Amino acid sequence: MAVMTTEKRAVSAPAKAGSEPAGRVRAELRDLQISFRLPDMSTLDVISGISMTVSEGEFVAVVGPSGSGKSTILRALCGLLKPSGGHVAVDGVPVSSPPPGVGFMFQKDALLPWRTVAGNIRVGAELGGMPAEEHEERIGRLVKLLRLDGFENAWPNQLSGGMRQRVSLGRLLAYQPSLMLMDEPFGALDYQTKIAMGKELLSVWEAERRAIIFVTHDIEEAVALADRVVVFSARPARIVADYKVDLPRPRHMRAMRSDPAFTMLTEAIWADLALPS
Amino acid sequence: MAVMTTEKRAVSAPAKAGSEPAGRVRAELRDLQISFRLPDMSTLDVISGISMTVSEGEFVAVVGPSGSGKSTILRALCGLLKPSGGHVAVDGVPVSSPPPGVGFMFQKDALLPWRTVAGNIRVGAELGGMPAEEHEERIGRLVKLLRLDGFENAWPNQLSGGMRQRVSLGRLLAYQPSLMLMDEPFGALDYQTKIAMGKELLSVWEAERRAIIFVTHDIEEAVALADRVVVFSARPARIVADYKVDLPRPRHMRAMRSDPAFTMLTEAIWADLALPS
Amino acid sequence: SASAQEKTLKIGAAQTSAGSLPIIIADQKGLLKAEGLSYERFDFKGGGPAVQALASGSIDMCICAAEHAVRLQEQGLGGKVLVSLLDHHSYALLTSADSTAKSLADLKGQKIGITSAGSLTDTTMRYAIHKLGLDPDKDFQLIAVGRAGAQQAAIKAGVVAAGMFTTPDIQITLGESKDFKIVEDFRTLAYPTNGLIVTDGWLKENPETAAKVVHAVKTALADIQKDPTILTGALKELYPAVRDEAIIKQIVNDVATGAVSKDGVLSQESYTVLDGMLRAANADAKVTAYDDLVVKNLQ
Amino acid sequence: MVFTRTNDASEPTKAGRGSRISSPLPGQVALILFLLVLWELASYYLYNPFWGSRPSLIAQRLWQLAISGDLWMHTSTTLQEAGAGLLFAAVVGVPIGIGLARAPRLARLLDPVIMGLYGLPRVALAPLFILWFGIGLFSKIMMSFTMVLFIFILNVMEGIRTIDKDQLDLMTSMRAGRFYVVWTVLLPAIVPWILASFRIGVGLALIGAVVGELIGSNRGLGWYVESSGGQLDTTGVFSGLIVLMVLAMLANYLIGFMERKIVRWR
Amino acid sequence: MVFTRTNDASEPTKAGRGSRISSPLPGQVALILFLLVLWELASYYLYNPFWGSRPSLIAQRLWQLAISGDLWMHTSTTLQEAGAGLLFAAVVGVPIGIGLARAPRLARLLDPVIMGLYGLPRVALAPLFILWFGIGLFSKIMMSFTMVLFIFILNVMEGIRTIDKDQLDLMTSMRAGRFYVVWTVLLPAIVPWILASFRIGVGLALIGAVVGELIGSNRGLGWYVESSGGQLDTTGVFSGLIVLMVLAMLANYLIGFMERKIVRWR
């Protein structure tokens, strides 16, 4: 039903997928090294030599074992963490502080408890430089899109876990970043909501050709949404594989599941992840 | 490959599955009503009339849309929330404060930031009434089981999201509850870790025939682990369906996925959830 | 042999004042020791707390104004002047050197710095203003400023026209700076500025100790009359920070001539002024009779 | 539609929550009356009223003072001094605290100087206060101010250290400006610390005003207390003290009221 | 193996973190020396040293006092008074604060009484302090104690309100006993509040000791300052004040040191 090519790369080779869509390179990691120092002066190597690029309009999913360093990489890309070695650049500029146009959705929702749902989303709008008069309308649209109608004025502690996550997503969307770093954005959502949110995300992405780096644990979600799936090994993280997903868009997740090509790709990723590291 | 009977019950009929294993009833909800008062004196009905029982040695999964009231029900069962109507009992005793033997793993990890990984797990051991001399050995075993080796003395803020969740799971296991309430315990874990943890959970459960109520968004996980899957509707929550999962144990998740019976059940639950409420 | 049963007296001082000098001399000359006594001095923030400490039994006696003995009697706690130490007033009103005022009357309508409300300086000002036929509340503003440092600052800053200074602040201020002058000197006024005050209760329980103290202090007072220069040593102990010899000389002179009591007996003259002052402050004050205020059998 | 966390399903761990609606006032008034009666009885049977006066005498005195207008004069004086000092300290101390917390290197440099200044007993500085600020209202306000200022600075600094790092990182990731972060994250997060500072500050501001009145004044409750004390007039002392207590209580009610208005999300 | 959050990959938002290793001491010393030089110069050119003395004179005086042994006598007296008062206040205030925070109904009942007591200027209560506690060390300790006690109570109470409800609910769900919760959650959670109270308390404890010494004593830094003031000896006043400042600074270092020992997880 769907045309798909599975491209498996060698671990050591730099990802070339970025250059293929002929888009401008948005994010680049070259030989990235990140380690945390321990008090006994020994070192915990979290990332040891990762290289990858993400081009304009590309949707890259990152999967990998828990604790492998996925969140850490996003932090480095956003300038929240100075790597111990290697090169991090966004739009060609080496990252030292958060680059403009980059939006980061944390794994923890990090909502401001003293702001209502609408207030938390407004943070994104305000910082995204949207004209003030458009805030209300935009927030209203996002609340609806995120299925939070009726909870505009609720405080975060009155929300369920999934609702909090959606508010956090709303804040990111209101910020309108051109490079979105998303750390398990749908982790606390049920399938139906997840699919709905994924659809909304794709429509935003397709309309404006933003670049997205999307960390997830859900392999099917990764394949269903992304152009490329990058597979991390366990700590110290290396890139085990970098798959190009050539399924046609728009994609329908339920339908895809019965597609043997889809299954083959998820199986392959599964096998990569199951490798002892 | 596996023998499976799919039993679909009417929404209004009380779940009978609990009585079938001829076990003692551990947890019982009768016509539960939970609503939150709004300042304008109107009421947000979260649960309107749910009845279900969970028997000794039963593993019940609960799935439902985000914000439908799954966490709320667990809070009521644990005595952290007084329902506005209906009856909640554990081991035949109406719940007013947390009943003995009930362990609750929150959706948020709620780790104590000033305690190390081992220290957080120790909380469970200390409160579970385990003899003090067994603590160290038990904690050591749990750390290994949860794949947190080497991080015993790390502070929670040095852990990844999935690692935090595993520490929280470790605390629950150290508490050795005979009725476990688990709120999306594997939500932040990758597939491989999730499966490993699920296996460990099952082995604990099988060895000691504890009762488990397990909230999850992952339908396959629910079917793979549970004896029964209870499906909630959107808020105000009702029970849409209550499936008995008669797959033989031990179960192998990867293998089950290709089993048509497994697929059928997950498809059925999917369809239930997709119902407009 | 005496040191074996030496009794240590706790003596409170309303503040570090010249009233302590006879006691220090009694100590320095071994007069207390000869009676089998020694003492420990505590400095208080004014007469109020000192008298309250006395009434609570925390201290045995206090170097305070006689008016506090009157107040103790008023409260039914029984206060007596055991020995009079200074029977002239110790304060003078200073103003800045370039002021045109020659006397208190010239300062009418201005602000005068007193140490604190309800204190001796307060009553003294009210008494003096009454004597001028003026009203202390309408014709003047009496401002609680504090001690000499604050008074100097207040005069310097022009926020009060004049302020009350006591010995040795008067001598230090005039000796170290040419910016001040005396506009009204109350030190010529007979007044029971300082005495050793005790409560009736203490007196009843310690009649012998009281007699010994009286004897030692009276001897010290007599010694001062004989040789005022012995004050120098006592001054240096009391005011170690005062080092200028000229100023020390001036203080010794001022204390020896007039201020310090000659015989330790509360004089009728100073009692009369006290009575007048108390009545100036409060028209219907019940002032204890002279005979009830002094300890007769020990005099 | 606005939500509060109160619900008919009140949680057992927050047993007190429901009673927030039922006013605690009657109980408080009863307790205070009870203590007053105890005091009155004690003054008859246990001690000489010279030490602690007696409520009935105090009430009588307060009535006299009220009629003569002195009560209001003294009270309003002290209230102005303490109130202005407290507010001024908040307005100055909170920004300094935030600034120092956000510039840790500067803070560490200034730390000993700040603590040293804080440790200075203001009373001993009376001459300097008079030179700098005169003896009017302003010097008392400054006395109150310097007593309370450090409370705000120190509490705010410590408060900012407790802020969730993720919330700050999130702001950084969205390139939020300095003032935006202060306004959106820092200030709301330290509201409990500021409220605690106000609670602590009320007492200290009153003490500051009273101390200030000792060094250059002819009115105010501190002045009245001191003046009564100098004349061993215990009833006068306690009348002044009682008014000061009442002021502290009222200020506390006001702070509690503000807290409920501001912290609606907890 | 113990982890700290410091890393070679220091985060830009915590620019100050790295320098925690490099001691701030040299900078602090330099700053203080600079201020002293400024003061010395000002005393020559800007004002009469009668008002503010002069560092060189003060140093000379301190040297004399040190040689005569008086410096240590006064300092150790005040240190004992303030130190004992502060520690005693912590030991009493923290449990009271926790108790009141956990018994909100009682807290609300007692609230006005507590605030009223707190608002009392201790100076005015001197007579009662002397009556109750004598004029020895104990009355000064109590003076310090009552100054600081409320800081602990009020800060701890507010601190407990900020605790994550989920952590408490979790403890409740595991049927944790009262003392277990206090020990495992409440106390660690309010460590920042307790530390802030100590920081605030240092200054107040010193002020309390000094005020206690003003009311009646014959030793201690407060006494020395007051007695110097009575002799118009500005150098003596400032010598005493400088020692008080140094005590406050040292106490602050100690608190900072404790903080780093206790809060290793932040």
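Per-chain residue numbering starts at 1, and chain names A, B, C, D and E are given in the order in which the chains are listed.
Here is the rule we use: a residue touches a chain if its C-beta (ideal position, glycine included) is under 8 Å from a C-beta of that chain, and two chains touch if they have at least 3 such contacts.
Small disclaimer: the values here were computed from a predicted structure and weren't measured.
Chains making contact with subunit A as well as with subunit E: B, D. Each of C-D and B-E has its own count of C-beta contacts, and the greater count is at C-D. Distance between chain centres (mean CA atoms), subunit B to subunit C: 84 Å.
If each chain is reduced to the centroid of its CA atoms, subunit D and subunit E end up 18 Å from each other.
Here the CA centre of subunit A is 28 Å from the CA centre of subunit B. Chain centres here are Cα averages; for subunit B and subunit E they lie 49 Å apart. Looking at subunit C, one finds that residues 48-49, 52, 56, 149, 152-153 touch two or more other chains. Subunit A has residues 36, 79-80, 97, 108, 157-158 in contact with two or more other chains. In subunit E, the positions touching at least two other chains are 1-3, 11-13, 51, 127, 131, 165, 169, 172, 214, 226, 229, 237, 266. Note for the complex: subunit A touches subunit B at residues 36, 63-68, 70-71, 107-108, 158-163, 166, 183-184, 187-194, 217-219, 254, 270, 273-274. The touching residues of subunit D, counted against subunit E in their complex, run 11-13, 16, 19, 24, 27-28, 31-32, 35, 51-52, 103-105, 108-113, 115-125, 127-128, 131, 150-151, 154-155, 158-159, 161-162, 165, 168-169, 172, 192-193, 195-196, 199-200, 202-204, 206-207, 210-211, 214, 222, 225-226, 229, 234, 237, 240-241, 244-249, 251-253, 256, 266. Subunit B contributes residues 75, 78-80, 97-98, 100, 102-104, 106, 108, 110, 112-115, 123-124, 126-128, 150-158, 175 to its touches with subunit E in the complex.
Those residues of subunit E that touch subunit B in the shared complex are 1-3, 5, 164, 166-167, 169-176, 180, 184-185, 188-189, 191, 263-266.
Residues 48, 50-51, 126-128, 130-131, 134-136, 213-218, 223-224, 226-233 of subunit D touch subunit C in their complex.
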